[in-house]
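Paired with chain B in one complex and with chain C in the other, chain A is shared by the two complexes that follow.
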Partner chain A sequence: MTKLASTSKMKEIMGTYYLEAKNAAHNGLKVAWVTSGAPVEYLHAVGAIPIYPENYAAMCGASHATAELLRKAESLGYAGELCSYARSDFGAEALQGGPLMGLPRPDFLVCASNICNTVTKWYQVLSRHFQVPLFLVDMPFVHDDISEEMVAYVKGQFAGLEEFLAEIMGRPFDRDRFSEAVLQSARATELWREVLEMGKARPAPLNSFDTFIHLAPIVTLRGTPRAVEYYTALVEELRERVSRGEGSIPNERIRLLWDNLPIWYRIKYLADFLANWGAVPVVATYTNSWALIGDVQLEGRDDLAGALARAYLSPFINRGVRYRIEYLCRMIEEFSLDGFLMHSDRTCKPYSLTQLPVKEEVQRRTGKPGVVLEADKVDETAFVEAAITTRLEAFLESVLCRN
Partner chain B sequence: MRAFFAGIDVGSLSAEAVIVDADGRMLGYSVRPTGHDGRRAGSEALAEALERAGLERGAVAGVVATGYSRKRIAEAGGDKTEISCHAKGIACLLPQARTIIDIGGQDSKAIRIAEGGRVLDFAMNDKCAAGTGRFLEVMASALGIGLAEFGEIALGHRADLVLSTTCTVFAESEVVSLVSQGHAVADIAYALARAIATRTVGLAKRVGVEPPVAMSGGVAKNLAVVQALEVALGCKIQVPQEPQIVGALGAALFARDRSRDANL
Partner chain C sequence: MESKVLDELREAAENPRAEVMKWLRVTGRPVVAVLPAYFPEPLVHAAGAFPVGMWGNTLPLGASDSYLQSFSCSIARSILELALKPESDFIAGFIFTSMCDNFETLAEVFKLALPRKPVFTFVIPNTSHLPSRRPHLERELDRALAFLSRVAGKRPSPEDYARSAKLYGEFVRLVREFYRHRALFPAALSNYDFYAVLKASFFMPKEEFNPRLRSLLEDLDRVGGEGARVLLSGIVPQPLSLLKVFDAAGTRVVGDDFAGAYRLFSKEPAAALLGSEIDKYLLSGAPCSTLHRDGQDRGKYLAARVRELGADGFVNWHIKFCEPEAFDRPHLLDELRRQGIPTLVLEVETSSRNFDALRTRLEAFVELIRQEKEKGAVS
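Right after this comes the complex of A and B.
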């Protein structure tokens, strides 16, 4: 992993964020559990603290704390085919386990279906378990392009969310605070995009594995000044690295794209393995999903809800095969890549299901090879080291042979 | 002085070694069971191949290892993956081939190659032993026949049987119950061959099957599997005389290239 001064700052602000959430009840604040693609600007507008079980599951995975949580979930009757984030979350709640000894109890739940449909059932389970209200922001899957009808529909969902929040908080929805939160979110995502675009430099000053780590604030704190502050400093640090010509690995020979979620428990292993070959992923479809939001928000200041609707319909995982193919081809061109890595996440079907046809077509259009690595984001039993290393090495041998 | 090179391929079930000269001509080879100690099996295969080539260990200028134990072979100066080695080996034995199907002891691969054995794309099934050499071993034992005679027996089938599973564990119970129902061993054996073929074609289609198609790995010795694959793919399959040593041959050729590049 690249040594970045910002890393300690990030740990600090993430620590503060979780501490505040843990103490929310004492301070008279409300906690909402939300999905990673929820329009969190609405929550910041009413002063509720959003908590992200997905982020927590990733933390558990990165600190090798998941196995016990998954065993617990299985004993509760959740099948191994179910999303490992969901299982990790159920296990953590049942055991009060994981790095923070579980998450603070939610006062209400907001679930958005723009990342998958599993979350709709996952949050129903949470709602029954905690006996708290759930608001489902229903968002259509975008097979081709985002249409006006989709935007209008999602705006309707957002209007319902406003009413839900006003009722929960016992006061009218505050439009000024909402505008402020959207603005903060737009700034942060714009900065995040700048961070990710640094990967275009040769050598790249940071790699996708770094961005998986530095993603936490844009997921959890977008809509607050803290995220803006953090990414302003990170952009600054990266600019300096670029001007010094400092790469994230010593000898950058092979530039790659990473598709799908990280393999959280093997980030360092994969980073070191690839670095040994002079290979480095410099762009990822996963981290880019939070940069798409900034894109649209800045365009539509006069219709914030409409801009947000477009933004939250945009993530890669909510898009059809054609979009995915074109997106990968564009990244390969813009980031001057030699190939692409596809993590086929055993328990994330909406991300993984399209990968084989996408791989085939992207290879055909760009002439750049891709390889599929079968694993799981947090379930370590799905990672077979000998098989993964053979595939990766065979792929790298063929890339070097082409170069 | 003439220079010689060796390739060692240690897989889950068998270990192979091949000796070539500077022109890439094969002088000797060996195939041995891997057993419990892959490292030792590799050494023994090398010693045997050298003996057959009539060479001393000191005559070998470079060794490359491949296969699942490739990182643990003491004699090797470097290693390459099975994918690159099978591509290289087939390009030497069957230069026209553009698609390789390799079914080894515990995994299967499909590799699409360009001229000279350059790998264009590959797909592997390394999660499950269904349809691999280990699968055939288990089924042969369930049928009470030898692995070597499996193919020939299966080719004598008369009735069309279809198995409902390719899982090694469940297929074994299914085979046992088919035998007890009185089905002919040949019919069951061919149904197994066809089950392997169906599964392998699915894998091969992931890389796109461009003829001519070649097959490597121990399972290529099973004529019934080859025939069932030909039917399923709708094209002929070329099988080198000794399909098990393709990976080791590729590794030996990489050892040769390596020394040539170093001398440039």
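Right after this comes the complex of A and C.
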């Protein structure tokens, strides 16, 4: 991992965020559990505190706290084939486990299906468990293009969300605060994009493993000034690194793309393994998704909801194969890549189940090799080290031969 | 029970390809595969095509493995396996729905695996905000009609549709009658035959199926019979042959909650070519793990159905790697157990052939039910 001064700052603001969330009820604030792709600007507009169970599940994964949570979920009847984030969440709730000893209880739930249908099922479970209202924002999978009708459909639901929130909060929906949150989101997203584009530099001043970590604020704090402040400083730091020609690894020889969620419990292991080969992922479809999600086209200011709907429909995981293929080819070109890594996450179907034919097609079009690594984002039992290293070695050798 | 009609329907269920080819020759209508679940099928019929239900099969997996990882459910994998066979080339197009992540991505994999085949995904609204549904469904209806006119060569008129809706209305009425008879007289047909008949309806034009089912209904005995009365729940009773194990174990399936059976047939076909009518159709009938409705509680619903049907137990027929079903399961089982209903979970893949372990578990379950009944009779 790259040593960045900003890392400690990030830990600090994330710590503050979770502390405030933990104390929310005490301070008379309402807590909402939301999915990572939920239009959180609406929640900021009403002053509710959004909590991201997916982010917490990732934290548990990165700190090797997941196994116990998954065992608990299994004992509650949740089968091992279900999304391991959802299972971590159920386990963490039952045990009040993980690094923060559980999450603060929600007053209500907002679920957006722009990342998967799995979250719909997950939040139904939460709604029954906590006996709190759930608002489901249905954002269809974009098989072809984002159509005007789709945008209208989502906008209609945003209007419903406003009513839902006004009722829960017991006061009218605040449009000014909403516009402010959207602007903050757009600003943070712009900065996040700048961070990610730094990966184009040779050598890259940070790598995808770093961005997995520095992603936390754009996921959890977008829509607030804190995310803007944080990324302003990070961009600054990275610019300096680029001007000094400082790479994220000592001897950058192989530049790669990472597709799908991180393997949270093996980030350091994989970073070191690849670095030994002079290999480094400099762009990831996963982290890029938050450069799309808050990418509100502000010329549409008189129609913020429409612009927001369009942005929220757009993450990579919500797009069909034609888009995925073109996107990967474009990244390979723009980031001057030598190949691509595809984490096939056995419990994330929407991300993983198109990878095999997409890989073939991207290889055919670009002539750059790809490799599929079978694992799971937080379930460590799915990671077979010997199989992964053999695959990676064969892949890296083939990349070097081509170069 | 022995009957010519029953033989014919059983034959259709066991040899779908031959059956579909037969009707393709007879009708000359292009075959459109209607995949799970809830696409308004009368639209396909009204466009002059021959809709064929495709809910997975028992083929061993081969070619599909290079497109789909093993954690895809076997419904999706076996559908792709079948579609990749050169013998399936007669299928003019495939209709998917947005029912789950597996299916949404499968529709995309189809585009790369079978680039020349027209593929359509019908987006079922799953929102807490009801007013958004209708305009969305108007648009989906429009897209569906455009697709159908491309693969079937005709955009149905409201009159075409009305005729098809009538045919399908008759179809669901007959099927529901078949279910009612089943609940009252479960010994009239074996479990296997009951589901073979329902499955046959996927592979025959409804014009042909309806009179056969009507005639079968007239011939069915009115016999109750002994045995453990069970309600089955799951996505689809695949592999069909597992029902023979249910027969051998002495169970009487008195009703079900399969997406590919009762949940589907409990829906009232849309009365007209309108988004609002499609909406009514989608909201009608049994709840489903793949359809979101605010506040819905399938646990309570299923417990009530168990009681209504006088069932002695509940069996969850789980297709491995099916997320919508697996998410609901703990709650269903908790609720049913809380209400004192014996439950059993059987996990299968559509291509499963060896049922030894399942047989043992089912027999133990039947024994448990017998003991419970005895206890009930004594106390």
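Convention: the second predicted complex is superposed on the first by the 398 of 403 C-alpha atoms of A that agree within 3 Å, B and C clash if a C-alpha of one lies under 4 Å from a C-alpha of the other, contacts with A are read in each partner's own complex, and residues count from 1 in each chain.
As a working rule, a contact is a pair of C-beta atoms (placed from the backbone, for glycine too) under 8 Å apart; a residue touches a chain by one contact, two chains touch by 3 or more.
Treat the numbers as computed from the prediction; the structure is a model and nothing was measured.
Trainee: Would you check which partner chain A:103 touches, where first means chain B only, second means chain C only, and both and neither mean what they say?
Mentor: In the superposed model, A:103 contacts neither chain B nor chain C.
Trainee: On the superposed three-chain arrangement, identify whether chain B or chain C touches more chain A residues.
Mentor: C
Trainee: On the A-aligned overlay, A:369 touches which partner chain: chain B = first, chain C = second, or both, or neither?
Mentor: first
Trainee: Touching A:143 in the superposition: chain B (first), chain C (second), both, neither?
Mentor: Second partner only.
Trainee: Looking at A:391, would you say it contacts chain B, chain C, both, or neither? Reply first, second, both or neither.
Mentor: A:391: touches chain B, not chain C.
Trainee: Output check: A:332 vs chain B and chain C. Expected answer is one of first, second, both, neither. What do you get?
Mentor: In the superposition, A:332 touches no partner, neither chain B nor chain C.
Trainee: Counting only touches as set out at the top, which of chain B and chain C does A:401 meet: first, second, both, neither?
Mentor: first
Trainee: So in the superposed three-chain picture, is A:58 touching just chain B, just chain C, both, or none of them (first/second/both/neither)?
Mentor: Touch status of A:58: no partner.
Trainee: Where on chain A do chain B and chain C both make contact?
Mentor: The overlap between the chain B and chain C interfaces on chain A comprises residues 356, 360, 374.
Trainee: Sort out for me which residues of chain A touch chain C in the complex.
Mentor: My answer: residues 76-79, 81-83, 86, 113, 116-118, 120-122, 124-125, 128, 134-138, 140-141, 143, 149, 152-153, 156-157, 159-161, 164, 320-322, 344, 346-347, 349-350, 352-358, 360-361, 374.
Trainee: Could you pull out which chain C residues touch chain A in their complex?
Mentor: Where chain C meets chain A, its residues are 66-69, 71-72, 98-102, 104-109, 111-113, 121, 123, 125-129, 131-132, 135-136, 139, 289-290, 292, 294, 297, 320-321, 323-324, 326-331, 333-334.
Trainee: Name, in rising order, each residue of chain A that touches chain B in their complex.
Mentor: So the residues of chain A touching chain B come out as 356, 360, 363, 369, 372, 374, 384, 386-387, 390-391, 393-394, 397-398, 401-402.
Trainee: In their shared complex, at which residues does chain B touch chain A?
Mentor: Counting only chain B, the residues touching chain A are 68, 80-84, 107, 118-124, 126-127, 206, 208.
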